[in-house]
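What follows is subunit A paired twice: with subunit B in the first complex and subunit C in the second.
Right, the complex of A and B next:
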């Protein structure tokens, strides 16, 4: 890779902090969601959806931004176990609450094992927007 | 908490666990973590699934003497959120006396061992290095003998490696585009190191001026590089993407006294004066 010399300058900007960029994008989106809360009360966001909203940021930066949003009270995390076709069966507060099987009351009507393909980490708005 | 580190730990833990059993395995694994880390594990699984990728680029940090190397924490912080895993290495507290003492093989071997450990642990990953002060000397000694040690990128700062060090004879160096020597032209310590110690040089004050390395001059002293904003501005783009930004200031002529001390080295001058004194005192006939 060849060297990229930028022109001489008295004030070279800092490399943008991609975590901060992702955090700001997501926070802006969540502010809007809080404002329209009555319409979106049961709104759930998958990790993939939040990644789309955050834009083109490295995944590790996005991970940090999401952790910060959870810590600062914008979002709540939970784990959703789904059917094979992606329909939600049961939600759990944390990974520790995951059972080894869940009853599929939507499609197969039997106990199905909890495997990577039917586990989705989701987010929802906290009860109140943080100040 | 460092997310990249946590991701690597999870990656390691998941190795060998059958795919279908991973959710239940992670459930047990995460139960031993602090709440903050549990939430982070959930976030990582949400983004990567149960196939957490391992770091492909490792940044090793090597400190200088008389320091607790707090700057290593600043670098770790600046690189958090990138895909680069930062690994600080080092050696026990080294005072100025031990720094000047010419026997340094033990500390070089100790760091060599740590570096070898990193290359073993991160087999297949690219490794870059930021070294400061005595850490640059140790690096030069390791690279001189261990020709299989390879770095993707190297940044030196406050370097005490002699400017005439034969970099060209070292195989596998990353090349000029990926080897930067950060020179603080207010840094007097490399000058003192050369003046009073053996095997040291002034490359941290005046640069190497060699084809294999880019000297980048800054209006800084020996530890002036360790500022959060400076690290983000210069080292983050360099280590991540190989971008070498021009420094923010021009390069003035070094002060006269540093040039003088660089030419007339006290380590030779003092014994010479003593010798002349002894000769004059006890062998006055030698001077007629």
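Right, the complex of A and C next:
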């Protein structure tokens, strides 16, 4: 990479600031979400939904903000295995918990392999707002 | 240019990317003999003689390859950056320095023509629109596995997959106004591009730092496509619409044939509208921009709005004019 390119990149807002912007937008949204949640229904968000709420931030800044929101107890991260058409089948706590196959009870009615193409990282609102 | 470009390979790539009719129209538009019943005949009787006697230049022929392989059958990701930063990145002296550091200076005068390179390779770096746009093209070979058949031996069922190699053309267009459009060749059997995008971002970093750019959400376009469906009825047919809410519930309305129009059905409209009124949002849609006789699009163009929030797909090959029409319509709906 040339030196001149580095100087151009420097004129884009610094990553930590963008992470803070994303974090604040998302935290504001999540605060409101605690009022909406019901006892029986979890509030669940896809990465693209949170990306829209976070506003104009680079992908890396969003990823860092989401890590912070998980660490500070606003969100729980989990992984969802989906059918080929993108409908959820089963949720797992982490990538390490994924089995090699799951039963597709919605579309094909047989065991389907768990591959990166049918796994989506999702988030759910924690049970209580952090203090 | 003639000395360096592998013209038969350009012809082969053109033949893989488009139809004889498109090449015939291209020759016809230049008042050149244009009829041919096969690709061999097209090359031997039409292209080669025209190149030899100078009625067609190699540059024009390479431009044809650019036109036919750079549009359609792609997942498109939209980004933005500060116009001043974009202008600096597009600047010729900057690009020359970067290409020199990568030992790719020759791209400024000639594209490289690859069929299936061993490693991802930049094939073209050029300016267009009077220097307001920088186009970057990369070619790579992608391997995937395709289901080949199933055999049963007693209680054992064996499924066979064969390795398929395909040529991938990825194109990026950086504009001085601060927009960046990345068109990634569609994958076989997968609609997920996260990993491909991550790898491409690393490969392209010396030229454009996609990681520092801001994805342009298409949420407004997805919403407008549905809420303005009556005004758009002559332009767009809706194969399916998926709406979702944060209670983890989705509602999908879909037609059972690609000619069915979800937005033309009162029951489907009512269901989707009711869902949207209760904190729902449009998550994805499958639409068709319908053909306009003598205008654009020149045929029905299928567009899929799903995946990342800044992503849409044009699953089949299309002309540059049709692609630009679709992009302009979506951006218009996204404002």
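Throughout what follows, the second predicted complex is superposed on the first by the 112 of 131 C-alpha atoms of A that agree within 3 Å, B and C clash if a C-alpha of one lies under 4 Å from a C-alpha of the other, contacts with A are read in each partner's own complex, and residues count from 1 in each chain.
The rule is short, and it goes like this: contacts are C-beta pairs under 8 Å (C-beta built on N, C-alpha and C of every residue); 3 or more make two chains touch, one makes a residue touch a chain.
No experiment lies behind these values; they were computed from the predicted model shown.
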| item | value |
| --- | --- |
| More subunit A residues in contact - subunit B or subunit C | B |
| First (subunit B), second (subunit C), both or neither touched by A:113 | first |
| Contacts of A:87 with subunit B and subunit C, given as first, second, both or neither | second |
| Which superposed partner A:56 touches (first subunit B, second subunit C, both, neither) | second |
| Which superposed partner A:43 touches (first subunit B, second subunit C, both, neither) | second |
| Touching partner for A:17 - first (subunit B), second (subunit C), both, neither | first |
| First (subunit B), second (subunit C), both or neither touched by A:64 | first |
| Partner chain in contact with A:33 - subunit B first, subunit C second, else both or neither | second |
| First, second, both or neither for A:79, with subunit B first and subunit C second | first |
| Partner chain in contact with A:100 - subunit B first, subunit C second, else both or neither | first |
| Common interface residues of subunit A - those touching subunit B in one complex and subunit C in the other | 1-2, 4-5, 8-9, 11-12, 15, 46, 51, 58-60, 116 |
| Complex contact set, residues of subunit A against subunit B | 1-15, 17-19, 46-47, 51, 58-67, 70-71, 77, 79, 94-96, 98, 100, 113-116, 119-122 |
| Residues of subunit B that touch subunit A when the two form their complex | 3-4, 7, 19-20, 22-24, 26-27, 30-31, 36, 38-51, 80-83, 176-178, 214, 229, 232-234, 236-237, 240-246, 248 |
| Subunit A-facing residues of subunit C, complex | 80-82, 84-85, 88-89, 94, 97-98, 101, 189-192, 195, 205-206, 209, 211-215, 217, 219, 242, 244, 246-248, 250, 279, 281, 283-284, 306-309 |
| Contact footprint of subunit C on subunit A as seen in their complex | 1-2, 4-5, 8-9, 11-12, 15, 33, 36, 38, 41-46, 48-49, 51-52, 56-60, 86-88, 116-117 |
